[in-house]
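Some structures to go through are shown next.
In what follows, chain A forms one complex with chain B and a second complex with chain C.
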Partner chain A sequence: MEQYLRNLFLMSVLLYVLGAAASALIYFFKKPYKTSMTGSVMVNAVCIVASGLGGAASAAKILLAVNSLKLINLSSTIPFISLEMNLDNLSAYFVLALSVLVFCVSLYSIGYLSHYNGKRNIGLFNLLYTLFILAMIGVLTSANTVCFYIFWEAMSLLSYFLVVFESEKEENTKAGTVYIVMTHIATALLLIGFIIIYSYTKSFALSANTAAIPGMAKNIVFILFLIGFGTKAGIIPLHIWLPHAHPAAPSNVSALMSGIMIKTAIYGLVRFVLCYLGVQNTWWGVVILILGILSAVLGVAYTSMEHNVKRLLAFCSVENIGIILIGLGVSFIAFALHHQIIGSLALTAALLHTFNHTLFKGGLFLGAGAIQYATHTKNIEDLGGLIKTMPLTALFFLCFSLAISAIVPFNGFISEWLTYQSLFASILPGHIGLNFLAVLAAAALALTGAMAAAAFVKLFGISFLGLPRSEQAAKAQDVPATMMIGMGILAALCLGIGLFPLTMIKLLDKVVFSVGGGSISGQLRGGFLLAYYPLTISVNSISPLTFMLALGVIILLAFIVIRIVGGKYIERRYGTWDCGFEALNSRTQYSATGFSKPIKIVFRALFRPIRKTIVEGDSQYHPEAIIYSTTVTSIFEDYLYEPVYRALLRFSRRTKFRVQTGSIHNYLFYIFALVLLLMLYNRFA
Partner chain B sequence: MSNLAVNSNLLETLSVLILLSSFVLMASKRINSYIKTFRIQSFLIALAAGIMGLRSLISEGRWDFLVVCLLIMIFKVLYIPNMLSKTYKNVSYKVEKDFILNIPILVLLCCGLVVFSYFTLTGVDGLSQDVLNLQLVNAVSVIWIGLLFMISRKKAIGQIIGFLVIENGLYITAMYSTQEMPFIVDLGIFIDLLTFVLIMGVMTFRINEKFESIDTDQLNNLKG
Partner chain C sequence: MNNIVYLLVQLLVILLVAPFVNGLIKKVKALSQKRKGASVFQMYFDLYKLVKKKTVVSNVSSWIFHVTPYIVFATAMAAALLVPVSTKILPPQIPGDFIMVVSILALGRFFLMIAALDTASTFGGMGSSREAMISALIEPSILISMFTVALISRSTSLPQIMETVQKVGIPLAHPVYIMVGLALLIIILAETCRIPVDDPATHLELTMVHEAMILEYSGRHLALLEYGAAVKQLVFMTLFVNILIPQDQLIGVIGLGALILSLLIYLLKVILLALVMGIIEVNTVKLKLFSIPNLAALSFILAFLGVLQFLILGGKHV
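Moving on to the complex of A and B:
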C-alpha cells in the first residue's frame, strides 16, 4: 500500500516537472500566441491532474494511517547535502490543502490567463507557476533542514518573480522589492536557527534528537523561527509586504500565495517548534497568542479601511493568520503544561482554520481576479451592480465572504468555533495570567469576527449591489466558464466542510494525533454535532446543518404566519423618494468610504486619518466641485520601518565614504589589521 | 654532525640578514634602492636555498632544491629586478616623497612587528622548543614588513616591491619551517609571481599614462 501511495505521489511530482518543462519549451521557442495559449491550457491541465493525484495520495496517506512515505532519498558525496523527502501526516495535510487549491486555481488560470493575450509570454508565467508549486511541495516534504532551506528560498524567489510578473507597472516592482527584502531577512534568521540546531545535534535531519540543545539555545532558536516564519506568515508588525505584494501579483498567484504560501510558515512553526524542538516554555505559546491577538485585531481594523479589493484581502489574510496563531498559541501553552487534549483541540482548530482559509481566501482572490478581469479595476469605489452582470461570480463571492466572516453554514464558522472552544477549555484553575489572556483572546476574536463581517458586507455590498459607479463596471461581462468552475469548486468545498465538519475533523484528528499525541474525536459529539465537552462542562454544542434546517423552517413558518395573518400582498411600483432631485444615480449611493467612516472614527487613534476637502469655484458658498479625499496612516510603516530604513541608509552612506574609500592603502590596512588580529587570536585561543 | 651545525648557523645568519634587508628596504626612499635591496634580499634567499639544496644532495641525493635555488637566481635576482629597473627608467618618479608615516616611525613599527610575531609564534604548538623558532620569527616578520611597506608607499613600484617582499617572506617561511618544499609547489609560486610582475609592469605604464602619475591614491577616482 505504501508503495502505491508513494508512486502515486511521485507521479504527481513528475507531472508538475513535465508541466514546467513544457512551459519552458514554450517560453524559449516563443511560439505564436495561439500555440502558446494551447500550450498553456495543456500545462494547466497537467497541473490539474497532478494536483488531483497529489491530493488523493496525501488524503489516502492520512486516512489509511500508513507509515510516513519515504518519497526520495538521494544522498550525495558532498557532505550534508542529500535530497530527502518524506510525507508524514502533517506534510500530507498541507499537501492536501495545496493540491485542492492548485486544482481550482489551475482550472481558473485556463480562462484567466487569456487576458495576457499578446501582451506577455505565458510560457514564462506557467514555468514560474509550476516551479512555484514544486518548490512548495518541496518545502512541505523536506526531511532535512538543508533541503527545507533550499526549497524555502526557491519558493520565495519564484514568488518574487511572480509578484513582479506585470513589471511594466512601477508599483509592482516596488512591491516586489519590499517583499524580497522582508523575505530574505526572514530566511536569514531561519538559516541561523538551523545552524544553531546543527551545532548542538550534529545533524540536519528533521528526525534528529533535539534533547542535546540547552534551554537557552532553544529559546533563541524559537525567537529566530518565530520572526523568520512570522514574516512569511505576515504577522503584525512583520506584515508590511503582504498589502504590497498581493495586489501586485496576478490574481491566480495571489490566490496561491495567500492561500497556501503563507501557510507554509504555519507548517514551519508546527513542524519545527512543536515537532522538532518540542515546546519547552509556556511563554512561547503566550508570545504566539499575543501576536495572534494583535494580528487578528489590527489586521481586521486595516481590512475595514481598504478600498482596493486585493489590498483588503491581503489585510484580511493578516487577520486570519492571527486567528490561526491564536489557536496555535493556545495549543503551545497547553502542550507546555502537558494538557494533551486541550493542546490537540487548539491545534485542530488552528490547522482546520489553515485549511479553511486556504479554501475561502484562495476563492476570494480568484473572485477579485474575476472582478478585475471583467472591469479592469481593483478599486471598489468604481464598482457596483455587478450582481446583475456577473451573477455566478457574485454568488461564489458571497459564499466566500460568508465563510470568511464565520457565518453558520460555512466552514469558517467551524474552525473559529473550535478556536473559541479551545480558548474556553484552556481556562483552568491556577493559571490566573493565562486565563486572563484566554478571556482577552476570546474577546478579541469576537471583535475580529464582527469587524470582518462588516468589512465583507462593505466589499460585497459596494462592489456587487446597487448601481454601477463607473463605465467599466456597467459594461462588465461574466467571466469564462473555467474561471467559474474553479471558484465554484472552492465555494462548494466551503459549504461542504461547513455542513459536514466531522469528515474533515476526523481526518485532521489523525494528523494532530501524530503531532501532539492527543486525539479529540472521541470527545466530540457524534453525528453532525460538534462540540468539545469534558465532563465537567455542561453540554456545549452546535450543529451547522440543523442550524441551517432550523433557519429554513423558521423562515418558512414566518412566511406562512405572515401570509395567514396579513393576507395577500398588495404590490405597488414607484421610484424611491429622491429628496426632490430629478433622478437617483450611482453618485447618490452609499460609498465604501462612507460605510467605513464610523469604524474610522472609533479607531482614529490607530488610523490617524488625514482628511482633505478642496472646494473649487468662485466662493465656497457656490462650489462648482468639492473634492474630498481621506487617507489612513499606516503606523507600522511610518513609525517602525521608516526610521529603521532611514538609519540604514545613513549608515550605508557613511560607510561608503569612510570605510569603502577606494584607496588601496586603506584596503591593505584592513587586511593587515585583520591578519594581525587573527594572529593574536591564535596566540590566546 | 658538525657539518649540520655549521649549516644551521649559516641558515640562521641568513635569516637574520634577510630580515635586516627588509628593514633597509623600509628605510629607503629612492625607488632605485628599493630594487637594489630587493635584489640583495632575493640573493640571500637563493643562498639559503642553495645551502639547503647542498645538504639534501649530500644526505639524500636530491637535487630539486638546487634547481629552485637556480630559479630564484634567474627570476628574482636577475629578471624581475631588471624589468622593474626598466619600468623605473620610464616613469618620472625617482624618489618617494610623501609617506603615510615618516620613516623613523615606520622602522620602529617594523621592530614592533618583529616583537609581535615573536609573541604570537611562541604560542604555536611544536615550534616553541625548536631552533626553528627564531628563523621562523624572522621569516614571518618579513611578511609583515612587506605588507607594511605596501601600505606606506604610494607609488606603484613601491607596491610591487612590497608584494614581492611579502612573497619572499612567505617563501622563506615555508622553506625554513619544512626544510624541503615539493618542487611542484615552488614552480607554481614562481609562475604566479611572474604573471603578477608582468601584469603589474604593464599596469604601471597604464596608470602612468591615464593619470599622468603612478600615484595609487589617484585610483580613488575609479570608485563607483
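Moving on to the complex of A and C:
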C-alpha cells in the first residue's frame, strides 16, 4: 500500500519535471507562437494530471497510511547535503491544498495565457511556473533542514522571477525588489535558526531530538523562525511586500503565491516550532496570538481602503493569515499548558482555515485575473455592470466573496466558527491574562468578519453591479471556458466544504493527531452525507446543510404564499429613481472611494488620509472642473521602514567615503587587521 | 415530534408577532405626538397591499435585485428558527448557535447591500456604504455580549444559554447581565435601524441607511424586505428578553399548558420591550452619522466590561 502511494506521488513529481523540461525546450528553441501555444496547453495539461495524482496520493496517504512515506533518499558526497524527502500527514495535507489549487490554476492558465500571445515567451513562463510548483512540493516534503533551505530559497527566487515577469513596467520591478529584499532577510534568519539548532543537535534531520537544546537557545530560535516565516506569511508589520508583489505578478501566479506559497510559512511554523522544537513556553503562543489579532484587524482595515482589485486581495491575505495565526496561537498556548484537546481544536481551526483560504483566495485572484483579462484594468473605479457581460465569473466571484466574509453556508464560516469555538474553549478559570486575550481575539475576529464583508460588498458591488464606469468595462466579454471551469471548481469546493464540513475535518483530524498528539474526533458527531449533518464541538453544533434546506423551504413557501395572495407576478421595467432630474449616468453612481469613506473617517487615526482638491476655473464658485484625489498613508512603510531605509542609506553614504575609500592601502590594512583579530581569537578562545 | 412542534411554534409566533411589534412602536410614537396614529395591526394591511401591487424593477438591475428580497426574508426566518421563543418546547439539538445566527443575518445583509448597488442609484450606494460601516462597528459588540452569556453557560448554543439563565434568578440584578443587557439594547437599536442610529420613518438623505437601501423596491419585493426587517428585529428582541428576563423557571411543568403560559409571558415581555424601544425612540434624536461610532464603542465597552467582570469574578457559573 505505502509503496503504491509512494510511486503514485513520485509519478506526479516526475510529471511536473517533464512539464518543466518541455517548457524549457519551447523556451530555448523559441518556436513560433502557434507551436508554443500548443506546447503551453500541453504543459498545463501535464500539470493538471500531475496535480490530480499528487492530490490523490496525499489524500490517500492521510486516510490510509499510518507511517510517513519515504519518497526519496539520495545522499551525496558533499558533506551535509543529501536529498531526503518524506511525506507525512502534515506534508500531505499541505500538498493536497497545493494540488487542488494547481489543478484549478493550470486549467485556468490554458485560457489566461492566451493574452500573452505573440507578446512574450510562454515557454519561459511555463518553465518558471512548473519549477515553482516543484520547489513548493520540495519545501513541503523536505526531511532535513538543508534540503528545506535549498527548496525554500528556490521557491523565493522563482516566485521573484514570476513577479517581475512583466518586467517592462517599472512598478513591477520595484515590487520585485521589495519582495526579494524582504524574503531574503527572512531566509537569512531561518538559516541562522537552522545553524543554532545544528550546533546543539549535530544533525540536520527533521527527526532529530531537540531536547538537548537549552531553553534560551530555543527562545532565540523561535523568534528567528517567527520573523523568518512571518515575513513569508505576511504578518503585520512584515507584510509590506504582499501589496506590492501580488498586483505585479500575473494573476495565475498571484493565485498560487497568495493561495499556497504564503501558507508554506504556516507549514513552517507548525513543522519547525510545534513538531520540531516543541512548544516550550506559553509566551510563544501569546506572541503569535497578538500578532494574529494585529494582522487580522489592520489587514482588514487596509483591505477596505484599496481600490486596486489585486492590492485589495493582497491585504485581505494579511487579514486571513491573521485569522490563521489566532488559531495557531491558541493551539500553541494550549499545547504549552498541556490542554491537548483545546490545542487540537485550535490547530484544526487554523489548518482548516489555511485550506479554505487556499480555495477562496486562489479563486478570488483568478477572478481578478478574469476581470483584468476582460477589461484590462485592475482599478475597480473603472469597472461596473460586469454581471451582465460576465455572468458566470460574477457568480463565482460572489461565492468567493461570501466565503471570505465567513458567511454561511460557505467554508470560511466553518473555519471561523472553529476558531471561535477554540477561543471559547480556551477560556478556563485561572488564566485571567490569557482569557482577556482570548476575548479580545474573539472581538477582533468579529470586527474582521464584518469589515471583510464590507470590503467585498464594495469589490463585488462596484465592479460587477450598476452601470459600467468606463468603455472597457462596457465592452467586456466573458472569459474562455477553461478559465471559468478553473474558478467553478474552486467555488464548488468552497460550497462543498461549507455544507459538508465533517468530510474535511475528519481528514484533518488525522493530521492534527499526528502533529499534536490530541484529537477532537471524540467531540465530533454526525455522519457522512446525512441530511441532518451537524458539526458538533462538545455541546455546540451547527449544520449548514440544514440551514440551506431551511432557506430553500422558506423561500419556496414565501414564493407560493405570495403567489396565492398576490396573484401573478407582474413586473414593470423602468429607470432607476432619479428624483426627476433625468440625469442618472454611470458617473452619478456611488464610487468605491465614496463607499469606503465612512470607514476611512471612522478610522482616520489609522489611515491618516491625505485629501487633495484642485478647482480649475476662474472662480472657485464657478469651477470648470474639480479634481479630487485622496490617498491613505501606509503607516508601516512611512514610519517603520522609511526611517530604517534612510538610516541605511545615510550609513552607506558615509562609509563610502570613510571605509570604502577605494584606496588599496586601506583595504590591505583591513585584511591585515582581520587576520590579526582571527589569530588572536583562535589563540584565546 | 418535538422538532415539528418547535418549528411550528417558532414560525407562527415570529411571523405573527413581528409586524405587531412594529405597529406597537409606531403607536407609542403617535401617542407621544398627541396623534391617534394608525392601528397597531397596520403593518399586516400594508404587507397585504404591497403583495397585491405590481412591481417596478429598475432596468439597470440584474438577478441580484430579484433574489435579494427572498434571501433577506428567508435568512431572517432561518435565524428566527434558531432563537427559541420558549424553552418549554425544544428539539433535542438545535442545528446552529449564536455565531451561526450572526452569520445567517450577515448573509441577508450582504445581499441587501449588493442589491442596493445593483440599481446604480446614488441613494442605494449611500445606504449600502453606511450600513457597511455600522454593521462593522456593531458586530464585535454583538459577539462579545453573546460570548459573555455563553461563557457563563459554557456553551454557545442558545437553548443552553437560556436554560442556564433561568437558574440565575433575576439576571438583571447581576452586574454581568446589566452590562450585557445595556450593550444588547444599543445593538437592538442599531441592528433594527431605529433612532438614534437610523430613522425608519423617513428616507431623507441625512437619515437614510436601511430605507435608502430598499428605496428602489416595490410591490411584493418590498413586502418581503419589510417583513424580513420586522422578523430580524424580533429575533434580537427575543434574544434580549429570553436571556435577561427569563420566565420559564416560574412555570414548573412541561406540557401544553406550560407552553401556552410561557408564550403568553413571552408576548408580554416583547410588548414591554417594544414600549421601551418606542419611548427611547421618542426621547432621543437621530445622531449624526459620525457619532454612531461612539455609540457602537459604548456598546462594545459595556459588553467588554461584562466579560471582564465575569473573568474577574473567577469565571465560574454566576
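Simple rule for what comes next: the second predicted complex is superposed on the first by the 648 of 685 C-alpha atoms of A that agree within 3 Å, B and C clash if a C-alpha of one lies under 4 Å from a C-alpha of the other, contacts with A are read in each partner's own complex, and residues count from 1 in each chain.
Criterion: contacts are C-beta pairs under 8 Å (C-beta built on N, C-alpha and C of every residue); 3 or more make two chains touch, one makes a residue touch a chain.
Bear in mind that the values here come from a model prediction, so they are computed numbers and not experimental data.
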Kindly classify A:574 by the partners it touches after superposition: chain B alone (first), chain C alone (second), both, or neither? second
Which chain, chain B or chain C, is in touch with more residues of chain A? C
Regarding the shared-chain residue A:660, is it in contact with chain B (first), chain C (second), both, or neither? first
Applying the document's definition of touch, where does A:477 land relative to chain B and chain C: first, second, both, or neither? neither
Which partner chains sit in contact with A:668 here, chain B, chain C, both or neither? Use first/second/both/neither. first
Please give the residue numbers of chain B that touch chain A in the complex, ascending. 100, 116-117, 119-120, 123-124, 144, 147-148, 150-151, 154, 159, 216-217, 219-223
Can you name the residues of chain C that touch chain A in the complex? 48, 51-60, 62-64, 70-71, 73-75, 77-78, 81, 93-97, 99-100, 102-104, 106-107, 109-110, 113-114, 116-126, 128-130, 132-133, 135-140, 142-144, 147, 150-151, 155-157, 160, 215-216, 219-220, 223-224, 289-290, 293, 300, 304, 307-308, 311-312, 314-316
Per the touch rule, the chain A residues reaching chain C in their complex are 384-385, 387-388, 398, 401-402, 405-408, 413, 417, 420-421, 424, 427-430, 432, 435-436, 439, 442-447, 449-451, 453-454, 456-458, 460-462, 465-467, 532, 534, 536, 538-543, 546-547, 550-551, 554-555, 558-559, 562, 565-567, 569-578, 584, 586, 588-590, 594-599, 601-602
Mind listing the chain A positions that touch chain B in their complex? 660-665, 668-669, 671-672, 675-676, 679-680, 682-684
